[in-house]
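Take a look at these structures.
In the two complexes below, subunit A is the common chain; its partner is subunit B in one and subunit C in the other.
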Partner chain A sequence: MSVQLKINGELKTFESDMPGSLGALLEQLGVDAATVVAEVDGVIIERAKFGSTVLRGGENIELIRFVGGG
Partner chain B sequence: MAITAEEFKAVTVNNLGPAVWAKLNGATVAVAGLGGLGSRVAPALARSGVGKLIIVDFDIVEASNLNRQDYFADQLGLAKVAAMRDNLARINPGLALEAHNLKLIPETICSLFASADVIVECFDKPDQKQMIAETVLARMSPKPIVSASGLAGYGRSNDITTRRLSGRHIVVGDFVSASGPGTGLFAGRVGIAALHQANAVIELLINEVK
Partner chain C sequence: MPDQLIIAGKRFDSRLFIGTGKYSGPGMMIKSIEASGSSMVTVALRRVDINNPDDGLLRVIDREKYQLLPNTSGARDGDEAVRLARLARAASGINWIKLEVTPDPYYLLPDPVETLKAAVVLVKEGFIVLPYINADPVLAKKLQDAGTATVMPLASPIGSNQGLQTRAAIEIIIEQATVPVVVDAGLGLPSHAAQAMEIGADAVLVNTAIATAGDPVAMAVAFKMAVEAGRMAYFSGPRGAMRGASASSPLTGFLTEA
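Take a look at the complex of A and B:
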């Protein structure tokens, strides 16, 4: 069964590879979690809870990845 | 010849009109980090008539900073907060200033910035940018934060934008240009991002902060 997540406004479909948590999603995307602020359905998820935040189909995920320089 | 705080106030009221002046003069803005971004943001806010700034950094002024940071050759070795305190006092003698020479962590962000109307993230390292954005958004509602991400290199001035990612989070930059080996930070592009930040703060203070 396929599951969809909206990530930064774009629908992404997962088959057997639906990540078990927000942390697993970031790993799958190849993004360093230490540089990411994440919102699930408009609620900020603190980085310490990325691993324990279970994702469900239809959720709207906003990821802001910071890059260095200032 | 120097002007007094009263004279600075008089010309600022004249420039802004009394209603806008009162909003800015009554505001407190926290500037977290005083490098390429913060050393340009803080003076811009002081010039604009913001009444109080809270500035924080843990670093000293080094020769390698002078290519883009708003310090002077005779300030090498000073704590950045001390050098900036002097510079800001020379710009606006009436500015109220709180300066902290320390490295911010979530607990000190919450305590030191409790009275700020807006927080400006002016850090260099991406994990620190993440840390303060997460802290303000998760723990300091309804305070807004103005972040920066993606401002290394030169040219591409118009790729630097101000985007509102949520009601409380404004991010300036091109989102992709990281500093690193071979990609330096230049006064022009960092300065463009810094003044986008200052401009976003002024807009928030005039239009949204009660």
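Take a look at the complex of A and C:
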């Protein structure tokens, strides 16, 4: 069964590779967890809880990081 | 007593704050920040490009050396700004925030009503709030009364390099201020920064003028010197302009006198 997550506005479909946690998703995407902040359905997830945050199909995930700005 | 800049109890040895946008790369950015002598640098929050993730800036900037000042750029109203501030705090552990709410994409002028609204919320949540505002003395007073750590009136539109177009209003803001006044946005040349410091601004924030210069490192040094010169001039009792001349050399004892 395929599962979809909306990540930064883009729909991503997972088959057998649905990550078990937010931390696992970051690893799968190649994102350095130490430099990002995440929101799941509008709720900020503390970095310490990335590993224990279980993802469910249909969730809206925002991954945000610092960039240059004035 | 030494001339110290203190914001929210923290001492800053430099009165030049630096933005990190628009640099050709992180190496040039770091070199320029170092050359500027600044110890406060602004950063923005954006979505990770999940198809091409990079590390962002957190790993590049030495946070022992520099106070990171995340901004809420991209916020079009107060609620979005509050959301961005909370994200910035979660991302960095830092509760300092440059509050900016700019609904108009052409001039990027800040929304005073939404800025004040967001400032009240963020101060209540324990943020150290540095609001970016138009040069409006009434708004500046309301913000400082609401508990913001500074006020940051614009010199001219962001990135426009137009210099100190709002001078008269900023003079009033400085006169009434109980918090440091940081002149932000539009300073295109070191002389503009010096002007802001000469009228008593506590600090200036510069990004575009340094980042987009032909030699950003040299321009960073030029701004550093200008800020120091302007500050020194402010304390040196500058004399105002006069309509007529006032001779510097004595008007007596000319050789042609009979």
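Here is the rule we use: the second predicted complex is superposed on the first by the 66 of 70 C-alpha atoms of A that agree within 3 Å, B and C clash if a C-alpha of one lies under 4 Å from a C-alpha of the other, contacts with A are read in each partner's own complex, and residues count from 1 in each chain.
Here, contacts are C-beta pairs under 8 Å (C-beta built on N, C-alpha and C of every residue); 3 or more make two chains touch, one makes a residue touch a chain.
Since this is a predicted model, take the numbers as computed values, not measurements.
Judged by the touch definition given at the top, the superposed model places A:Gly70 against both subunit B and subunit C. In the superposed model, A:Glu10 lies in contact with subunit C only, and not with subunit B.
Counting the residues of subunit A touched by each of subunit B and subunit C gives the higher count for C. Contact with both subunit B and subunit C is seen for A:Glu39 once the two complexes are overlaid on the shared chain.
Of the two partner chains, subunit C is the only one touched by A:Leu29; subunit B is not.
Across the superposed pair, subunit B and subunit C both touch subunit A at residues 32, 34-37, 39, 44, 46-47, 62, 64-70. On the side of subunit A, the complex with subunit C involves touching residues 7-10, 12, 29-32, 34-37, 39, 44, 46-47, 62-70. Of all the residues in subunit B, the ones that touch subunit A in their complex are 33, 35-38, 122-127, 129-130, 133-134, 137-138, 147-152, 165-166, 169, 171, 173, 175-180, 185, 190. Put simply, subunit C touches subunit A in their complex at residues 19-23, 29, 42-50, 53, 55-59, 68, 70-71, 73, 86-88, 90-92, 158-159, 185, 205, 207-208. Of all residues in subunit A, those touching subunit B in their complex are 32, 34-37, 39, 42, 44, 46-47, 62, 64-70.
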